[in-house]
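As structure tokens, here come the structures.
Same chain, two partners: subunit A is paired with subunit B first, then with subunit C.
And then the complex of A and B:
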């Protein structure tokens, strides 16, 4: 039998954000127009992963608005405040809190005005999905739009901003001891592979990704990160390698620089784990990088489980795996 | 194995109106319908197209750059070299070691040497091929081993070892003594490209109020502005950076890529200039994922408990630091994995070479460290006859235990919950390891 199957596990932790005394801030402006529609000016860049959507969800939740009435303006030095980069799996964790703060203050302004309209205390009121309710009542007493129109009519403030500093002190320069990061992401993956011992080709049959999102604000977006992260990990483990010849890149087109295609990416089982993190918005934390880190070690460990040979250099190309098998055969350590 | 207390309680569950709900992404419909305009789709009246001439050799002294034939190509509006930069020809995220355009030397095969703006992309492409470089080759530093050689020529004034970090905890000798099994292995990881679907791209123009506006594929407009303004000798409030809809970043677009070049050409020509990298430009230029050499020694007792980690991590950051020192420091801080390790010695070394430079990429050094620490865990498991799942469960951090840097875990420590989830999946699907 030339094809051997194996299973491997990889685990990791990942410091969320920048850590060790690097600036790690989030900030956002928010305003509600007379008709109850809200604009969030969020400095965080969306690269396709969905931070604009997370910002909209946090704002809608905290203000009590309908999500379709939220517009997010993102990442423009003329209109949005500095929210730090979208990197380090930090955008949801840091910017989510900044938006939460801005939205909370706007919500307070609205409820204050509504309390005046209905001659009650603002703590007796809450807003959901665009309507204002007396707490525990089933029918709304007003729409947010009516309240917003009233705030504007009275010349009240119908805008706010939020700022959040996630920076941590540096670790000790001699020992690196210290609280390096505000929080950590956690993830483990299982990979199942099939190794062709005649060719050295490794096929990934399945990946199970258990990634701790703290609280998945948007589960489908989390799943997107998990799927993409695992696919990228397959590329790192098996295919994607820049080859330099005396410093000159030879893999300068997609004909030579191989990326995994849909034929190479296996079924990825998403297991969203939720261990509440009190430092994140609604308990959430970043998952972008945790979703890709365990894939490569899981595949390398699965190759060992399949053929009893440890690949210590990445990527595990057919040439490298075949050579390792040949060397093991020569030492009498490999049973076909 | 007891379930961690905080895993079952999970997240505070609301009830929420929107949190935890898979509402469609705000930009999904436009992307699905092809309506979204990326920089490469954007057009402006009078817009010029830009191309970059790369150095092509990894290490050389620049004796001369002859642009006389390039400027004659019909449609060419500007051919710029380092002398045309109005401000400071230096930038960089952690230290300013990058040149907007190469001046004294080239330090990688993908150093930008000259820029062209022309009426068409074809004219710009033709012009860059007509730029003649007179380069005097220098001995290139092409490996971690070369960079560690104290007699090797220095790529920058600082020497080739940019920085070293150290993690120290407990008593390494004691850890070695208490070990029933020790695994020693060397791991090497490779240079990887981010391969975002959209290549680096910027559209720059002077707005009617005299503000240089750059619409760009970036991960951080404010830090771009911080680097663009000094290079172009503009005040920062006269530079506006707008993130365009972008097709992936993965860390690559943390750095300056096309922004200063497009801005410089717009400033010089007073015309809108669009610079869209070809896939080749994107593959060869800017930052990659750090290749690392990692020498690990890890010990455990017969019951599977880890006793020590003793490691050296060498990262090849290429010719420019970018965020390399932070990436490699982060690799060191994460070198012991999500485990309770009492005795630790980890040294990291950030090295300059003449290879393509590396910077932020999804995982930021932790991925490389995980290749090593997870392979070590597996080797220990096999030597001790413990399953790969169980050796992790024995050692995972839990509330009250501390990371390699002494950070004590509290709420939000989810590693055990993720390993248990994998274990449950294997049991419910009758999956078994072949060798344990």
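And then the complex of A and C:
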């Protein structure tokens, strides 16, 4: 048999947000129109991570609106307040709270007006899916749109904003001790590989990724981030090598800098772990980078399990793996 | 500058272009059909994939002069009667799209596959889109979406 299989585990924890006393701000405006359409002006830029969807979901849930009536204007410097970059696994964690605050205040304004309309106390009312209910009642007493129209008619405020500061205290400069981040993500991954001992080629057969999401606001998007993270980890472990030649990049094209294709990335089984985080919106926290970090150690451990050799340089290219096997053979330490 | 009559998505487009201009540049810059994306512009990433006489090709490394009298299909040509193609629906519904840059190329490669092989296996799907690099999704949800579009069981 020239092909040997192995299993490996990688685990990590990772700071969510910017930490170390760096500015870590989220902010959003929100407004409901007469027809019940709610516009959220969110500073968080969506490059595919799904933060616009998360913003819409948080706003809908907190206001009590139907998500189809939420319009998100995102990352437009002419209209949205600054919410910092979508990086550091922070967007849901930080911007989610800012939107939650804005939506919560808008909800309050609406319920205040509705209480006046129906001669009851604000606390006796609730809203969901675009309608206002007396608490625990089965049928609505009004739509949010009717209430919003009433607020406008009375010259009331049907808009709000939220601002959230997730900045943390810095660590002790002398000892580097302290709690650098507002929260931490936790993740473990299991990789199964097959190593061809004649060529050094490593094939990843399966990855199981367990990631602490706090609360998965959008499970499909969370899985997408986890699977994408694992794919990047596969690239880091096996393919992606940036070569500098006296400062000149020699891997400046996708022909030379290899990223994983659909043939290289295996099935990725997602296990979303939900441990409520009191600092995040609905208990949620960032998962993007945490989903990437454990993949490479899991794969390298799986290679060790398969062939008994530690590969300590990434990527574990066929050349490197084959050379390590040959060296072990020469020392009489490799059993074919 | 030469004059070209290009058959694209069942319509004839008249345009001027240099013979050595890429089909992709003509599509995007001259005809404003910006669905096909320019990722690498050297035939490596697949985001510019279009169909030429029914076969997937990389429009960034195809000269416009090679396209005369041939049928080009871009992602803009897939919807029928204003309704998105089932591949487009499934990609959207199942999270097969994150940043979206690879998406038009993936959809065109998948469309070409399903024209030839309406019920492909997972391996056949993965092989068909192997020339389309996706950096976001890890391909899992793309494969799922294409299995759903083909009506084959999803793992």
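Rule of thumb we're sticking to: the second predicted complex is superposed on the first by the 336 of 336 C-alpha atoms of A that agree within 3 Å, B and C clash if a C-alpha of one lies under 4 Å from a C-alpha of the other, contacts with A are read in each partner's own complex, and residues count from 1 in each chain.
One rule holds for everything that comes next: a contact is a pair of C-beta atoms (placed from the backbone, for glycine too) under 8 Å apart; a residue touches a chain by one contact, two chains touch by 3 or more.
Quantities reported herein were computed from a predicted structural model and do not represent experimental measurements.
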{"item": "Touched partner set for A:129, first subunit B, second subunit C, both or neither", "value": "first"}
{"item": "Chain touching more of subunit A, residue-wise (subunit B, subunit C)", "value": "B"}
{"item": "Partner chain(s) touched by A:137 [first = subunit B, second = subunit C, both, neither]", "value": "neither"}
{"item": "Touched partner set for A:76, first subunit B, second subunit C, both or neither", "value": "first"}
{"item": "Touched partner set for A:169, first subunit B, second subunit C, both or neither", "value": "neither"}
{"item": "Subunit B versus subunit C as contact partner of A:254, first or second or both or neither", "value": "both"}
{"item": "Partner chain in contact with A:304 - subunit B first, subunit C second, else both or neither", "value": "first"}
{"item": "Partner chain in contact with A:231 - subunit B first, subunit C second, else both or neither", "value": "second"}
{"item": "Subunit B versus subunit C as contact partner of A:263, first or second or both or neither", "value": "second"}
{"item": "First, second, both or neither for A:154, with subunit B first and subunit C second", "value": "neither"}
{"item": "Contact residues of subunit A, present in both the subunit B and the subunit C interface", "value": "47-48, 50, 220-221, 229, 232, 253-254, 259"}
{"item": "Complex contacts: residues of subunit A adjacent to subunit B", "value": "4-15, 18-20, 22, 43, 45-48, 50, 52-53, 56-58, 60-61, 64, 67, 72, 74-78, 82, 84-88, 128-129, 171, 174-181, 183-184, 186-190, 192, 208, 210-212, 214-221, 229, 232, 235-236, 240-242, 244, 246-249, 251-254, 257, 259, 269, 271, 273-280, 282-285, 288-289, 292-294, 296-298, 300-301, 304-306, 308, 310, 312-315"}
{"item": "Subunit A-facing residues of subunit C, complex", "value": "40, 42, 44-45, 94-95, 97-100, 125-127, 129-143, 155"}
{"item": "Contacting residues of subunit B [partner subunit A, same complex]", "value": "4, 6-7, 9-12, 16-27, 56-59, 108-110, 140, 142, 165-169, 185-193, 195-196, 211, 218-223, 225, 239-243, 246-251, 253-254, 279-280, 283-284, 288-289, 326, 329-330, 332-334, 337-338, 346, 354-356, 360, 362-364, 366-367, 370-371, 373-375, 377-379, 382, 388-389, 392, 396-397, 403-407, 411-415, 417-419, 421-422, 425-426, 431-436"}
{"item": "Residues on subunit A engaged by subunit C in the complex (per definition of touch)", "value": "47-50, 220-221, 223-224, 226-232, 253-255, 259, 261-263, 265, 267-268"}
